[in-house]
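Lettered A, B, C and D in written order, each chain numbered from 1.
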Amino acid sequence: MGDSLGQIFRITTWGESHGGGVGVVIDGCPSGLPLSEDDLQYELDRRRPGQSKITTQRKESDSARILSGVFEGRTTGTAISVMVSNQDAKSHAYDHLKDLYRPSHADYTFEQKYGLRDWMGGGRSSARETVGRVAAGAVAKKLLHHWDKIQTVAWVEQIHEIKSSVDKHTVSESQIEASIVRCPDPEASTAMIERIHEVRKSGDSAGGIIRAVVRNVPAGLGEPVFDKLTADLAKALMSLPATRGVEFGLGFDSVVLKGSEHNDAFVMSEGNIRTSTNRSGGIQGGISNGEEIDLRIAFKPTATINFEQDTVSRDGREVKLKAKGRHDPCVLPRAVPMVEAMINLVLVDHHLRNQKKRI
Amino acid sequence: MGDSLGQIFRITTWGESHGGGVGVVIDGCPSGLPLSEDDLQYELDRRRPGQSKITTQRKESDSARILSGVFEGRTTGTAISVMVSNQDAKSHAYDHLKDLYRPSHADYTFEQKYGLRDWMGGGRSSARETVGRVAAGAVAKKLLHHWDKIQTVAWVEQIHEIKSSVDKHTVSESQIEASIVRCPDPEASTAMIERIHEVRKSGDSAGGIIRAVVRNVPAGLGEPVFDKLTADLAKALMSLPATRGVEFGLGFDSVVLKGSEHNDAFVMSEGNIRTSTNRSGGIQGGISNGEEIDLRIAFKPTATINFEQDTVSRDGREVKLKAKGRHDPCVLPRAVPMVEAMINLVLVDHHLRNQKKRI
Amino acid sequence: MGDSLGQIFRITTWGESHGGGVGVVIDGCPSGLPLSEDDLQYELDRRRPGQSKITTQRKESDSARILSGVFEGRTTGTAISVMVSNQDAKSHAYDHLKDLYRPSHADYTFEQKYGLRDWMGGGRSSARETVGRVAAGAVAKKLLHHWDKIQTVAWVEQIHEIKSSVDKHTVSESQIEASIVRCPDPEASTAMIERIHEVRKSGDSAGGIIRAVVRNVPAGLGEPVFDKLTADLAKALMSLPATRGVEFGLGFDSVVLKGSEHNDAFVMSEGNIRTSTNRSGGIQGGISNGEEIDLRIAFKPTATINFEQDTVSRDGREVKLKAKGRHDPCVLPRAVPMVEAMINLVLVDHHLRNQKKRI
Amino acid sequence: MGDSLGQIFRITTWGESHGGGVGVVIDGCPSGLPLSEDDLQYELDRRRPGQSKITTQRKESDSARILSGVFEGRTTGTAISVMVSNQDAKSHAYDHLKDLYRPSHADYTFEQKYGLRDWMGGGRSSARETVGRVAAGAVAKKLLHHWDKIQTVAWVEQIHEIKSSVDKHTVSESQIEASIVRCPDPEASTAMIERIHEVRKSGDSAGGIIRAVVRNVPAGLGEPVFDKLTADLAKALMSLPATRGVEFGLGFDSVVLKGSEHNDAFVMSEGNIRTSTNRSGGIQGGISNGEEIDLRIAFKPTATINFEQDTVSRDGREVKLKAKGRHDPCVLPRAVPMVEAMINLVLVDHHLRNQKKRI
C-alpha cells in the first residue's frame, strides 16, 4: 500500500530484481499524446546499468514494452501499462545473503515489516524498482514539453568531496550527457570519474549531490496546505533509494541570511511580474511563482561494498559479511534520470490538479 | 484539494487568519483514547504567538473546542472536529497590502493560482493555518505514547549563525521548554535570544534549523516504494510554512563519507538486533529499523520585515512596500511544536498502516 | 477513515446528534463562486426536521455558519468550513437506550466495530450527520448551475404501497416543493400524507422510493473502469441512511427485455447526436451520454417505531424495548434534498475530474 | 484516473481487448499467503469466454502469469503483478465499427470523453477488462478463507423472465458450477439454457439477476459515513459492465413493509447476539452485523446483437449497423465470478481497514 504516486496522473510500479520483470501502470494520462516504446527507451537507457565504464557492469538491456493505453500511436486516456522483462539471473549469486542482513540495506527492515523477504538482489528494495518510475517519467516529460515546454534538467553537482561549477541557467542536457558521470563541468567530471575508479578499486563506494532546475514552469502549481509543490517534490525525491536530504533554493544555506537579505523582490520585466533574485527556488508558499525551480538532493554512498563487514544473521548471531562480485561504486550518474523522472511526475500531476481552479 | 494529510489517520485542516476560525477534522482515530480539550491546549499554547517576549506580540488565546468524536471523555472512533475561533481583528491593518504583493510571501502565487486572494493576514497561507495541525498532532502524540511510548522531541538547533550543542540521546522536553527560544543549550539559547532581539530591533528577521529525534520507534514503519517513512516525513515537514530543506541522519554531510565509513553495522545488544552507529537516522530502505529517527529541517528567515522593499502592484506598477506594525522576527521557537506535530501525525498514520502486514 | 467523499471536490463531514454541532469541510471548490450562508440555509431548511406536520416534530433550527473559504462574498479556492451548532438537548431522553441495541439501528454494529458507542440519538449514525452533506450539496448545486445549468430534481415516487405518476421530463422543483411530502402528483401526495399520518398514529413507519433526474448533463462524465458515473452515484446514494437499493434507467426492469428491446438507438436531432430512447438512464459504459440521468433509490421504513420490540442488552440478556417520545414515521420527504445533494456532489467531482482529458 | 479500487488492498487494472494483454497490480496484500498461478487460473477459467456452449464462442485461453510479489510460493507483502497476454486477433473484424457508434455501447461516450477511441473490440470498455478483477479477486478469496472462512457464493437467480428458487443459506459452489448457466435450481437452469439458445438463434440477447450471499462475515466491517459496506459494495458491483441496479436484503421490496414488519429483532442464540430475521441483508448502519450478507445485481441484456440497428456515424450521418459474427447472448453465467471477485475485493479491503479500530 505504497506503490502508487500522484493524485490525477497516478503511477503504480511493480516488480523486483529477480522476478518476471518490472513495470508501471500509468493512470490518468490525457489522450492524444504520441507515444512509442522508443520514447521510453531513451530514458531507460540513461538509467541502465552497464551504460558506461563507471557504472555497475551488470548487463540489463531493459527493453520497454507498452502493453496497453496506446492505440494507433497515441495515448487513449486509459491506463498505460509498461513492462520490462528481467533477464535470467543466477540466483545462487545471492545464496550467501539469504540468512543475514547487509548493513545499511533494507534487508532487516523489510523482514521486520513483512516477516519474510525476497533475498535475491534486494527484492522490492532493489534500485531496479526505479525502471517503472523512469518509464513513467518519460511520458511525463513529453506531456510537460507539449504543454508549456517545461524542461527539467538534472546533473551531478558533487561526488564525494569533488564539487563542480555549473551555470544552472544555461546548462543543457547535451552538455550533461557528454560526461559519463553526468557532470557538465569538464574539470570536475574528470576528477569525479577518477574518484569513482578509486573507490571501486578499493571496494568502496561514494555518494554525492544531484542538482536540478526546471524551466518554463507556469506560476500557480502546488496545492495548499499539505500538497505544496515543495512538499510533493520532497516526497517524490526522498522516495528514491539512497536519498538522505533535499533542499530548495538556498536551502540550508538560507538560515544564515536575514530576511532583508533573503527576500526576492518583485520587479516588472518586459511587462511580466518577475523576481529580481530567486533565493526561493521558484516556489513561494508552496506554489510555483514562474521562476526556475531549483533544488538539490543528497545521496549517501552505496551500501554495497566489497569490504568485510560486521553484521548479524537472521537467527541472531554476529557474523562477518564479505560481499562477492561486482558492485556499483557510485549510483549518481544513473540517478540523474531518476531525479528528472520524479520531478516530471510531480509536475504533471500538479499541472493536472491545477485545472479549473476558478469557476 | 490539498487540505488533507494521511491515509488512515487522516487530518483535514481549514481556516484563515481572519475568518470565523481555524480547525481540523481528524478521521481515523481509534476509539477509546481519553481526550480532553486540555490535551490540545497544551500544544496550542506552545504554538501560540505572544507566549514569550521573543515571539510576535500579536495576542491569540487560541482556545480549542472539541465539537465531535469524543463521548464521555473518550474518542468514539468517528471524526473528531476541533475548532479555534479567531479573535476580532482590525482588518484595516491590511488595507495597504490589498493591491500589492509582499516579497517572498504567497500573495502573488495564490493570486496566480486562484485569480483572487484573501489579503487579510495572508489568508490561507498564514501560519495561523497550523493551529489545526498542532491540535491534531496532540492527539497523535497521545496515541504514540499509549502504544509504544514513542516520543518525538524537537528543539531549535541553530538560529542565524548561532549553533548549539545538544546531546540528542538524552535531551528532554522540559530542558527544551526551559528556554523561551526552545534551545536546550543554555549558552546558545542566550545568544539566540539576543540575536532575535537584534533582528527585531533592526526590523529584520532570522531563520534557523530545528532538529528532531523520535525515540522508541518500532522497526517496520514505512511503506515501499513511494510512501517510505523518509518520504512521508519529508513531505509533512516541507508542508510547513518557511521550510527550505530536510535531511535524515547525516543528511547532506553523508556525501563526503565512503560506504565503508557510512554503513551502520548490525550488532547483537542484550539479545536484540541493533546497529552500532546510526548514520542512517533510524530509517533504512524507507522503513524504520528501531533506532532513533534523527532529522533536521531548515527554515528561511521570515518574509515579513519592517524594511522598505521593492515590489509590484496587482496592476503591474513597481512600488515600494513599507511594512507596518509588529512582526515576528523568528518563527523557530513556535515552529518546534509544529515540527513535532507533523512527525507525530506521520508516525501514527504509518503505525496504523502497518497493521496486519502478515496473514 | 470513511468521512470523506470525492477526489477533487472532496467533502469531509463531522458531528453527531448531540455533540457541539455538525459540519463539513469542502476541499477543492473553485474560486470565485458567489456564496453566502443563505445559499446553504435554503437546502438545510428542506432537510430540517419539523418543517411540516408529517416529519418528526423535533425542532432543529439548523443555522449554517461559513467559517472559512469565503472572502468578500466569493469562494477563495481554499477549504470551506461550514458548521451548524446543535441545540441543547435533553440527554436523559436516551438513558433507556444506553445498554441495549435498537433493532435495525446501528447501535450493535457501531459497538462491535468500536467497542463503545455514543448512545445519544444514535451518535454518528444519526441522520443528523447529513447536515454537512446537504450544506456541501448546496455549493455543488451552485457550481453545476453556473457551469452548464446542470439541474438535479428529485421527488418522492412511492411511499409504502402508494405510487405516483409524474412526468419526469417536465417536473419542476416548485411542483415538488408544493407538496409537503415532496410528491408532485397531487392525488398520490394526498394519499401519501394520509398514509404517513396512519403509520404515525399506530407508532409505525413507512419507507418508499425517491426518483431523481439530472438535466443538461454534458457527455463524458465518469472515469473508467472503477469510477464509473453509475458506480460513484451508487456509492454516494447508498451511503445515505436507510437506503436499500439503487437502480439506473430501467434498472431491475431491464432484465425482462431483450437486447433488441433495450438498446437506445442513436439519432441525429437538430445537428446533435442523441438517443431516440433513454433506457440506459443517460449513462453508457459508466460515462454520461448527454441524455437525462434517471435513477431510483429505495429507502426502508424507519427503524425507530413506537412498538414494543424484542432485543438484547449489552450484557446479553433478552429484553423488551419500548420506544419513548415522538418518532419520524417517514424519512422520505426530508431525504429528497439529501439525494439531490449526493448526486450534485458526485457530478461536481466528476466534472472537475473530467478536465484536460485530452492533451 | 479511475483504474484503481480499494484503500489498503488496492488493485489497479489495465489492458484492452486487443493490445498486448490485460492485467492487474495488487498493492497491499499481506505477506505469507501461499499463492500460485493455479489459484488465479481456476477463477479465470470460470470467467473465460468459450467455457461452455452458451457463452460466446470466442476462444481465450487466458493464462495468468504472476510477475512480481510472490517469492518461494508466498506473497512478499509488496506489489503483485498479474498479466494475461492477449491472443492474436483479427483486427479487421472491427473495421466496420471504426466510424460509427454501436447503440448502448460505450463507443460514443468514450469518444466524447477522450476525443478518440480504441475501436477494436471496445478497447478499455471491453468486458475483457474484468480479467484483472477476477485474478485479484482470487487472491482476495484466499485471504478471506484464511482469515475467517468468509465465503462468497453467487449464482444466476434470473435470466430474462425465468426465475429460480434456491435456498440461499445452503447453496454451494459445486451446486452452482454443476449448471453451465450457474443457476443451482435444475429446472430453472434448463429453462434458462433453452432461453439463451433462443435469443442467440434470433441474434438477440438477454439480461438477468445475480444473487450473492456472503457467509461467516464478522461484525464490524464498514466505515461510517461514506464508506459504508453497502456503499462500497454498491460501487464495486456497479463498476461491472452492464449492471443496472443493486439492492441489499429486501431491497426495493422493503418499501412495502412497515417498520414493525421490517425490523430485525435481536435475540440470543447459543450465547451469541443474532437477529431472528435478516431483512437487512447483514448490514446495519453500513456495518456488517455478523449475519449473512445478501444482495442482488441487475444486468441489462448485452448490447451486442445481430440485428440491423439505427445509429449514427462519427461524422453525424444516420446509418444502419448490421453486427457481424458471433455474439455473447447472455453474459450472466460468466459474470458470476466477476460478482464474487468484486465482493471479495471489497471485503478484504474493509477487513484490512478494520484493524486497530480501538486503542
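Odds and ends about this structure:
Definition applied: a contact is a pair of C-beta atoms (placed from the backbone, for glycine too) under 8 Å apart; a residue touches a chain by one contact, two chains touch by 3 or more.
It should be emphasised that the depicted structure is a prediction, and the values quoted were computed from it without experimental measurement.
Judged by contacting C-beta pairs, the busier of the interfaces A-C and B-C is B-C. Taking the mean of C-alpha positions as each chain's centre, the chain lying farthest from the centre of chain A is C.
Centre-to-centre, using mean CA coordinates, chain C is 26 Å away from chain D. A straight line joining the Cα centres of chain A and chain C is 46 Å long. A separation of 39 Å divides the Cα centre of chain B from that of chain C. Counting partner chains per residue, chain B shows two or more touched chains at residues 1-4, 7-8, 13, 31-32, 77-78, 113-115, 124, 224-225, 353, 357-358.
Interface residues of chain A facing chain D in the complex, by the touch rule stated above, are 1-4, 8-10, 12-16, 19-23, 25, 27-28, 31-32, 65-71, 74, 76-81, 83, 113-118, 120, 123-124. On the side of chain D, the complex with chain B involves touching residues 7-8, 30-33, 75, 77-78, 143, 146-147, 224, 352-353, 355-359. Those residues of chain D lying in contact with chain C across their complex are 1-5, 7, 13, 101, 103-106, 108-110, 112-115, 124-125, 129, 158-161, 199, 203-209, 219-220, 222-228, 230-232, 234-239, 241, 243-252, 254-268, 271, 273, 275-276, 279-281, 283-290, 298-305, 307, 309-312, 316-318, 353-354, 357-358.
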